[in-house]
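Each of the next two complexes has chain A plus one more chain, namely chain B in the first and chain C in the second.
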Partner chain A sequence: MMDQPENYDVVLFNCVSHAIKAEKVLKATGLTFKIIPVPRHISSDCGVCLRFPREQKGAVEAALQGQVEVREIRPLC
Partner chain B sequence: MNFLYFDNAATTWPKPQEMLDAMIRYQETVGGSPGRSAHRLSIEAARIVYDTREAVAELFGIDDPLRIVFTKNATEGLNTAIQGLLRPGDHCITSGMEHNSVMRPLRAMEAKGVDVSVIPCRDDGTLEPSDVEAAIRPRTKLIVLIHASNIIGTLMPVRKVGAIAKRHGIPLLVDAAQTAGAIPIDVGAMNIDLLAFTGHKSLFGPQGTGGLYIREGLDEQIPPLMMGGTGSRSEFEEQPNFMPDKYESGTPNAIGLAGLGAGIGFLRTVGIDAIREKETALTKAFLEGAGTLKGIHLYGPPDMRKRTSVVSFNIEGMSPSEAAMHLDENYRILCRPGLHCAPLAHRTVGTFPQGTLRFSFGYYNTLGQIQKALKALEKISRGH
Partner chain C sequence: MTKEIDARGLSCPQPVVLTKKALETEREVIVFVDNDIAAENVKRLGANMGCTVTVEQQDANTFRLALLKSSDTCALAVEEALSLPAGGPLVVVIGENRMGRGNDELGYILIRSFIHTLLSLDPLPEALIFFNTGVKLTVRGSDVLDDLQELEAKGVKLLVCGTCASFFDISRDIAAGGVSNMYDIVETMKNAGKIIAP
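Moving on, here comes the complex of A and B:
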């Protein structure tokens, strides 16, 4: 059930340095997430994004708030 | 390895084993393009580059690692700041102890209509901060100051000039090529707005690494020296305007930055104070010994609190280059003769155009090496 794409959100960043910074911040919180390539249907960018289960959205937003520059948080599909 | 390597102000050598191991490990197990491809080796490369950014930020008291732009050396950072901030009609203040990495871009900006004031220093390199304040004009847009002389080791009053710059709302650019890793630096406490550093000297990193810290807000006034691929916002043909990608075009020196991260790790393990203490002991022993030798003329402040481990001297009746060749061939002492890319500073010291013989000691030198060198100088100065 959980690995259905519609159960995930992604955090998009301006650049990979921001994504790595976010990874460090989120690792410290113990939340579940994964760095994945930005899917083609979201952006033509060659960068990476952070995928996480949608039910953690509030916690992810709170953790990144004021810590990391985020471009957008949106559904994976 | 049976050398007396006294050229640490140019490049520190040897390097810690940790630094070599990190570079080999990077090439063997990572090796991807950071921020480019999104596969695991690319992401791992980006993590390593980020870790080094974080290490640099911690070392200089910088809150956000993304305020640091990686460059190939201090020169590139200085050029980015000087060429980026100054416009025709602006005024810039600098000291009489600067290296050509500052003077050449400044002279080029002068030709484009920027006014440059060079504040004279005493012949031991010391600068009076009030002279800097007196030179400030309504159109002063930048103060550039070397943190320590690359020829005679004099520490410059960065903290005092920083306070003056802050009071007048003028950005301060510091050239920390000789001090990053050797002398504690805190950009907040010292009011440094722009800090150019290199990795290959006292940070124990490899050549080809360095960077520029840019205080928040100043990047809006500084266009990049180069533009190109950044791995980000690839759908646009325009350069991104966010840190650090704005200034980091093209594949970075990730293997070098892996080494730099390990070099800084070594520095933190040993401790910047312990390294300073050791280098101070070596320099003090050399200055005291050389001071008793006839025919040796030493430059720079004798007080170790006012200097780094870079010393300059001349041997009576011998040109610096002649002496350096003799020291290399007969004593395996490796040092640097001449003008050290700093003709302005040599004019200040009174050693232009012949220059000096420069010994720059590092963490891996020993008191035994200093004694050997003093014996060699004694023989040479007696005319053997």
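Moving on, here comes the complex of A and C:
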């Protein structure tokens, strides 16, 4: 099931403006992603993160490379 | 009643989620997990839910946990009472496609985050009411459509202000909830025990 949390990774940012920038960059690529609040068990200064299906990890990394400052990409759960 | 759950091979947080669900209806739950972290998490859940928990390691990859709801259900009853809004259901009113004033870009991030988080409320709100630019969140292609449809599938009523949809000429694009009117909106607000307006 795609909707299971273990099928997703999240991109964490140091601040919300980086998340906004990343969203713009990814929108242009047509990749599937969603802005969600950073889950409670993950600590981050920025309250939102970007969730995407794990199989897109390479594409997401490539799209953000050199465009947006990323703090970490990690499993959602 | 006793329920057995074999959560071996499942990854975080499935063992905890399944156990929590089972404890909502069963008095005793037996859970099998295959690692000590999962065992610890399930044990903590049980303790938090007022259960007596016994853990037994049966072999290298099998932990058996027995969770028995305490007969002193006072703690649980209190928790339940606190989670039910006094005097009526919870209603969420969304009058903008932003959360807060000041910066629209930030406000748009926040409202999406807010709606996604509603899904984790227990109990869920009885209804979400959308009016003014809030109705734009319910149309085809909306970034929160998946969350709204999930809320709707779980029984949350979504009332979309018809006057507003018509004003923005999006009546035909509404993809979550139903077009509603001021009578229903006022009635739903009036009957709410608590109203949240982000």
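Rule of thumb we're sticking to: the second predicted complex is superposed on the first by the 74 of 77 C-alpha atoms of A that agree within 3 Å, B and C clash if a C-alpha of one lies under 4 Å from a C-alpha of the other, contacts with A are read in each partner's own complex, and residues count from 1 in each chain.
Everything that follows uses one rule, which is that a contact is a pair of C-beta atoms (placed from the backbone, for glycine too) under 8 Å apart; a residue touches a chain by one contact, two chains touch by 3 or more.
The shown structure was predicted, so the numbers you read here are calculated from the model rather than taken from an experiment.
In the superposition on chain A, A:Glu69 makes contact with chain B only, while chain C stays out of contact range. Of the two partner chains placed around the shared chain by superposition, neither chain B nor chain C is touched by A:Leu31.
In the superposition on chain A, A:Cys15 makes contact with chain B only, while chain C stays out of contact range.
The partner of chain A that touches more of its residues, comparing chain B with chain C, is B. Of the two partner chains placed by superposition, only chain C is touched by A:Cys77; chain B is not. In the superposition on chain A, A:Pro5 contacts chain C only, with no contact to chain B. When the shared chain is aligned, no partner comes close enough to touch A:Ile42: not chain B, not chain C. 16, 19-20, 35-37, 47-48 are the residues of chain A that lie in the contact sets of both chain B and chain C, per the superposition on chain A. Residue ranges on chain C touching chain A, taken from their complex, read 11-14, 105-106, 109, 112-113, 116-117, 143, 146.
Within the complex, the chain A residues that touch chain C are 4-6, 16, 19-20, 34-37, 47-48, 77. Residues 34-39, 43, 46-47, 49-50, 53, 65-66, 230-235, 240, 242, 244-245 of chain B are the ones touching chain A in the complex. Residues 14-21, 23-24, 35-38, 43-48, 69 of chain A are the ones touching chain B in the complex.
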